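Letters are used for the chains, namely A, B, C and D, taken in the order the chains are written, and counting of residues starts over at 1 for each.
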């Protein structure tokens, strides 16, 4: 590997409260960061509608992405067994993949993916391989780098370690978002000791494993993940916002099918048509675009679309209760009685989480521990805490949502 | 004061990483927080364009406003001499004023005020007194409360202590933004010991004064302010962004005068006409609206407007140098040579800061210290640090900005 | 309860990094803090020999005691259902009990209790009721207060809530030591969200219960406890130090029985005689006294006592392995072969911890949760996490310790 | 440069809340840390009597010393211009000097140095060059290393950079104690951005200089130093404790001269005789020894020695006032009237601090800044803040101390 990648004239350093500084010394990374698809991530918040519950949760996919890059950069330069097992090109590849892993992310977290029926990973790979700017930055650094970077993201890398560093069970992506979401929401549940995990990480057969002396830190990480899911990601207020978003688009599509769609900004048209979006169409759909559209929709002719848009903008969240058959029937009746169309005003949401899913054949989906003596065991075979927890059933929460206005009727 | 204000059924609590929790127990406060003008603050970032320098600086005026409210709430309930000198209605008034003090804020920090030639304090008072929703929430709580709240903001309150708590030299507004901006940028320069200031705050003749034992904390606060200004608010990158914003609007207005303005979103029209905005027109101008407009402008017919919009969206910041006559002339020449119109591509910026401005007749503009023995002295008469610093001249920085493309010619 | 307790002329405030400030406004508390038995706690470290593993773990029982007082003070003044259910005298009583709960603590954490075969709680109650200074401070504040304070500590208080606040499953004592030990060792495992626990604490039938919305914080607290035990309290290095301490005293006693005890400081005599210590004798045995004695023992005539003292002072810790019969036999053989007397150079240690012990009849030994609807359930019936964990067996670790010098023979 | 120093079999890692982890990979460093003179530092607190004011200030010279080592280790391995300008032996030398720089420290901070009329630096160098254990560890690693290490401490190193890293105006020693004392007292005044200083440190002519972009961090460091001095080191309570200590030893010496010294522990004899201490005599004088001696002195025959010892142990601090001639005369009169011998009960203390002393010929005593363009300027020539502050006169505080008992007479 005689290749050598160009360095920036001076190391670039960005402030970041989670990692203190983000260090960039390769030109290819710096150029990717300045590409317009990457700059677009300034306009996509990391947690979508969670700001309705945690007012400070306004951090963006931009800062998360550079955070994942920084963790990856530290992994490939500070953890000896990783550093020594990768050549410079592989290091660049995994750092680029870390930086770009969310470049195709839709607005409003995962809500839009459901609305659009798309996978952000697919768009991410398309952008890396097809966007003129991104592709040429990568190819200029090293021929084939665009495809190789996309391969890391789609778990088809020649060296499977690369994918595992940024997307596994104990990876740079999750580590960053747990720490970052904890910091920006002000919850402490997401904190864990990343330094300890770094210090005890080894590599065996291209798989990151943790020395037994790091097992407390891993247990903490697993618990942090568990608590963050329930406190932040599955918080009923945040889910309420997302189901309202879904209802609004459902309404717009239904109107569109009947040729009754209100006149809205042109960028929304592809959404209403329900077809696959081209990259430029997708690009235009950032959260500012959506927010502007919601503002316009408030005064569109359709009362349902207008009402839902107003609720989204002014945080008039749907209320919720358990999704029993009885509750559903009762809410449905009250809605009709109050003049709310249940097609749009009764939403359902189904969340489920296991603390940790133990090994079931796909070894990428497990955390591996090297116990004293050198044997490699799966986390739930080596941690009392985790083994106890996985014996329990996954926690579920199935809820229905509806306007607060009918609360008094229930 | 037999009046009694309605409490919420249970105390409302919002998470906030700066103050841990925001506590709301009065209905009037809770209702104000849910008003649409207040919810709009979710769409105005606290630091405007500073995210181009500090990627995590995406916190909003919403979170700042509830932070100022929380500091004020603590002042009127935890500092004995404040708590005991105010009746319930005065406490409600100052808490409402704290919450609403930025409700009329324009997008992009102070850049828009310069563009629009407006004062956000004026709009704030207009909204409080004229917006149907806000006004009626206040008046329902107590007749006259809307005007009284606006009076606190315009420093005409019957009890001058109320204004001094939220806007003076050592006030809830500044305390919150120093702590908050430090937290969300990841700089540590803005930190100081607010608890100590609280513990040593007394009231004399309706003026907050600090006991001498709190003087270190006040010195720290003054230094925090000084460092934050240079590190964050006056950072050349952030100023560069703001001058580009100014150039873009200047261009649009000039085109408009010549009836050549590109077709842009209708919400921008009042801006181009340069007239005073009505409240609904002003409301529509949040940062999402602007961002959407910039996106559209990229493909408008005018090459200058299109180019400036693209630079704003994709962080192609102007470079800068000292504003000497020589530099200005030289840059101007290079710009012309490269085909850049200096009217829009050469911008100037003038920042100046005193560490602390000592007393010059208006006692609201000073920090007062109660020294041992009971005498009241102005800060620069009681602190060695501050007295040394005020003897220096105010620091100035006058810079010009221009596209990086001409750097090689300079 | 017309009684009124004297306040200090101004509130006394002590700095503390864990709680920021300790607030004292009652004279009786301030006087207790200045009593010589309480000042003695400056000379007893909180974690005994843990400094051999965590070099910064030098914090004292003094700071822990004022921390427990501060948590208790906040409970009785900030948690509405506690504040409103106690009269002033009860509040003083529980704050005094919180402050004094460890006043009879022996040096070197719990190691000395085993050596002396004493309970520090017994000494604590004796000091409160019998020490002239402490007793008279309490009685001067209110007749009967000494006995009432001791009753809180020995769980015989008329109002059982008082005891439960400072010693239960979720009490001021544990909350302080988890936070404090985490802070001073630099481990993050002991951190949890005390503010959340405060906000969700209610009182039902004189029992503190936690609202369901606080269950995540309680789960975190339980996990913090679990991790702190294994990382700090049961750390093999710290246990090694304690077993060496035990061996040294065993040696001294055996020599004393044979009238061959080396001449050591007079304060050690009662220890060698193995009899119950009077309060003045116990008082003299702080960690400085012990350390001085170890220094002198280094040059006493007996080679075993001298060697063990030298190991304690210079951190020459015993090594350890699992306490299997085979290991014990093998180590014993190697020791004899190397000239080490196994009576003093082979020590055993047996640690065991349950994550949480569920209710088995004594309701003080459980955490109670008030679920939605108002029902009260035990923690392991309401938390998925805790219920999973209690199904596992308690974790045990049985180890033997021996000089590193024989490692090469094993 | 052929030499190669032995590494430990695995990198040793110690927890430390200030630096997270202390990393040790050289055997010579590990062996020094385990030497008995170094272990003695566990028995010398960093801030002597400051615990009477800040109850948690119990951290030791041991943890400070490993902190200074860690900062130095990072400097020689992470700051490129330092890393590249030193060979391995120089790095080992400066790390050893950093670790050992306080190995000859007396108990009770600087109070003992005044009592004993000794310099701890002299003892430090003597220990490094004369103590059998320390010397042989160093010489085994590399012949001449003991003298070279001592030379770094006494500023006679061949490469002056080595001395400047651990003792200058912006050095590892100060950086550690500011951060550490802030952490363990709970004051925030000592905090500054060490990472930024690291990132902007360069080396010019064997002198560390800071790039202009780091000037805010240096200003913060200077202010942190200033505030820490007044809040912690010069706190009247801590000084009161030290002057009482001084009085006690003065009394003992005076009694000794009259052959009337109370029978006290033998380790104190050399102190009473006022002669230079041998290393073993000095070794025995740790804070535990002193504390034990104070306990014994409480019941010695001499009422003054006994009373002063009791005051030290039980925190009965002397009160204080300004040292005007009038005050001195008045206090003296009141003391006599109350039966207190002014020779021991009237103490004086004189503290003075400049914020920063600018360059006056000895370039080691200045902080140097590399401004844009490359010129090197002294800090007070490049920082507005510092230049303002140095124009002021040094702050002085001259106080007298006396027993609180006479307060009512004053």
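Definition applied: a contact is a pair of C-beta atoms (placed from the backbone, for glycine too) under 8 Å apart; a residue touches a chain by one contact, two chains touch by 3 or more.
Quantities reported herein were computed from a predicted structural model and do not represent experimental measurements.
Enquirer: Greatest Cα-centroid separation from chain C: which chain?
Expert: Here the answer is chain B, farthest from chain C.
Enquirer: Tell me which of B-D and A-D has more C-beta pairs in contact.
Expert: Of B-D and A-D, it is B-D that has more C-beta pairs in contact.
Enquirer: Find the geometric centre of each of chain A and chain B from their Cα atoms only, then give the gap between the two centres in Å, rounded to an integer.
Expert: Between these chains, centre-to-centre, one finds 32 Å.
Enquirer: Nearest whole angstrom, what separates the Cα centre of chain B from the Cα centre of chain D?
Expert: That gives a centre separation of 44 Å.
Enquirer: For chain A and chain D, let me know how many angstrom lie between their CA-based centres, rounded off.
Expert: About 50 Å separates the centre of chain A from that of chain D.
Enquirer: Please set out, as single numbers or ranges, the residues of chain C touching at least two other chains.
Expert: Within chain C, residues 20 contact more than one other chain.
Enquirer: Mind pulling up the chain C residues that touch chain A in the complex?
Expert: Spelled out, the residues of chain C in touch with chain A are 188-189, 191-193, 216, 219-220, 223, 226-227, 230-231, 355, 384-385, 387-389, 391-392, 395.
Enquirer: For a test of understanding, state which residues of chain B touch chain C in their complex under the given definition.
Expert: Against chain C, chain B makes touches at 13, 20-21, 195, 199.
Enquirer: Name, in rising order, each residue of chain C that touches chain D in their complex.
Expert: Within the complex, chain C touches chain D at residues 14-18, 20, 34, 36, 39, 42-43, 45, 51, 54-56, 58-60, 62-63, 66, 183-187, 265, 284, 286-289, 291-292, 295, 313-315.
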